Amino acid sequence: MTYKQRIDGRSFDETRPIEAKVGVIPRADGSAMFKIGNTWAYAAVYGPRNLHPKFLQDPQRGILRCSYNMMPFSSSGERVRPGGSRRSKEISLVTQKALLPVLNLEDYPNSVVDVFIELPQTEAGSRCAGICAASMALADAGLDMKDLVSAVSFGKVDDKLVVDLDYSEESYPDGPVADIPIAMLPNSGKISLLQMDGEVTKEELMKLIGMSKKVLMDIYEVQKKALKDKYKGVEM
Amino acid sequence: MSEIKVKDKEISVPGEVLAVGMDVLPGAGTYREGEKIVANRLGLVMMDGRTIKLLPLSGRYMPRTNDTIICKVIDVGFNGWRLDTNSAYSAMLSMKDATSEFIQRGANLTQYYDLGDHIVCQIVNVTSQKLIDVTMKGPGLRKLKGGRIIEVDANKVPRIIGKQGSMVVMIKESTQCNIIVGQNGLIWIDGGPMNELLAIQAIRKISAESHTSGLTDKIKEFLEQNMPSKKTHQD
Amino acid sequence: MYRELRSHIISLLEANTRLDGRKLTEYRQPITVEYGVIKTAEGSARVKIGETDIMVGVKLEVGEPYPDTPNEGTIIVGAELLALSNPEFEPGPPGIQAIELARVVDRGIRESKALDFKKLCITPGEKIWMVIIDICPINDAGNLFDASSLAALAALKDTKFPAFNGVKVDYKSKTDEKLQLEKTPIAVTVIKIGNKFIVDPDTEEEKVVDARLTVSSIENGTLCAMQKGGDMPLSAEDIDKMLDIGIEKGKELRNHL
């Protein structure tokens, strides 16, 4: 019963400040930046493009390939050895699963849509930031997408249900902690990423899922604005 | 009664509700979900009678039959050439479609088109598996020599060409350049360094402001103000 | 493969201009240097030259000295050609292009003695500071060498030591003690195409490079590192001219720090 106030003063259902920008990597077909608190993600999309080796090709649809990577200087502690890890490979996998439901790649048989997520700076919630950046980048690349994907970590610190855990909350020493990254298709409310670390009851989890729609719709509005801002000059 | 939630020429993003009601029809780039019509991509809203559709603002080129495109030769085989179309799919140009001359079987094909050559060709067929056949037989189809090639977003090509070619003709006349615009977003320009640069700047300006109104006048003004002859006069 | 592009670029160079209208020894504008962009690094910088956009982060680690230099710390430079930044880059471990980039940047810093390695010694024979510089391109629009070198220098300028209690580094508390730079080596890559020399090649120009010479020089014009690349050889006159350009442009670039 010790967690009365969040360490950075936020309310329990408040995310850290968010910044989003689209079209930040000119060489890519689509790109975006998403920053939440001190966690900062870039995403670049290349595709649909040629896919080698041939055995990876799917004659019925294009494939989505995602890569999540932390830059060596991005961790608040020691340097991260470059080259990825089992953790980053797993995050690449769940990122791909989070984004795939909104895409229709049937018009691009035998090809690939590559999504590269790089984080120059991380402080909790990095996979969700990556997914938010990636979904804007996919839209920027002009792909058929029935919805964007918005993501943030929910969880529990001690006895309080919270939104967007930061690093100090993830490592809170004085009570149980649960870290639950959730990605959602904002228009339908369906969930495409759900993972959990920690201790939580089923009732608490369902309550968090109930809270998630409103929070993720707010994030969707930020992503929407970033996309529209890039093309602002285009409107009459 | 149907309600349209967006204005004409507004930017829409995936998942955004464009209209509610059964009277409005979902056009290209949109889909129906129950009562709602929802955006299926990033695009510009266009009302077409009762249909609401989204014009693409970005996206790689998708090969279509009859398109005239600029390709690069990436492989020379025994019976034909393989071409980079600036899309996810390469195209095949077979010997029989390569030229109006007769090519002997076993001839060295590089004497016609060699690795790295750029050619203007026309798409004859695209299969469901996106195998593409092109031909070089037709008016204006040829190998490109000299000049330079730039890449633009393929979605901007209609604007760069203009109504019945009016925009590109205006650029050609002002800059004294030869210009060929491929539907796949590759554009060939030939006319000497300063003229080419001006033509390219005009093309990039069109790309950047493609859906604003009065674009033709703006580009006309831009070209007049920046004509190389005018510039040296002011130096 | 790039015959037409090459002859077009050469005819432009003969007319004293380039694809984007620049003069032969003109860098793209704007050139921007931002310091301290990455909070988790001990030092960081972001450099943009035209559309080329590079981030460099410096991490400091405590380690053991090399046996032959017991009183000296060291630097380690890494570069990854991130697939994010260029459609031609493939994901995977650093290839030879990334390795050359890292080693060229390293040589410029190391051989100029920009850092006094003795000042990086904590306990002789036991503990030294390792200055680890990581280069991460965000957008590759040509000339990674010069942009990376500039960003690495700027990141070093930005670097502050973290707290060290003799046993463990506390990365969460930075001290006010800055890493001292004794010199500022600047790398300029001079490109030969045909018989003309240019600096700051863009993506198209990089496809038709005959030879290149990356020249690192310090404030007084003394050379501290060089790297010749490209398939064609250089004459002594070529090298003479390229060095002059490298030193002159180095002075210009240094003003951006």
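Just so it is clear, A, B and C label the chains in written order, and each chain counts residues from 1 on its own.
We take it that a contact is a pair of C-beta atoms (placed from the backbone, for glycine too) under 8 Å apart; a residue touches a chain by one contact, two chains touch by 3 or more.
Note that the structure is a prediction, hence the values are computed from the model and not measured.
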item	value
Winner on C-beta contact pairs when B-C is weighed against A-B	A-B
Label of the chain whose CA centroid is most distant from the centroid of chain C	B
Cα-centroid distance, chain A relative to chain B, in whole angstrom	33
Where chain B and chain C are represented by their mean Cα positions, the distance between them in whole Å	38
Residues of chain A engaged with two or more neighbouring chains	49
Where chain B touches two or more other chains, by residue	none
Multi-chain contact residues (two or more partners), chain C	none
Residues of chain C touching chain A in the complex	37-41, 44, 51, 53, 55, 57-59, 61, 78, 80, 82-87, 91, 93-94, 132, 134, 136, 138-141, 169, 171-172, 203
Of all residues in chain B, those that touch chain A in their complex	9-11, 13-17, 31, 33, 38, 40-42, 44, 56-60, 62, 87-90, 128-130, 155, 208-213
List of chain C residues in touch with chain B within their complex	1-5, 7-8, 11-12, 15, 17, 19-21
Touching residues on chain A, where the partner in the complex is chain B	29-30, 47-50, 59, 62, 102, 104, 107-112, 139-148, 185-188, 220, 223-224, 227-228, 231-236
Footprint of chain C on chain B - complex, ascending	115-118, 144-149, 193-194, 197
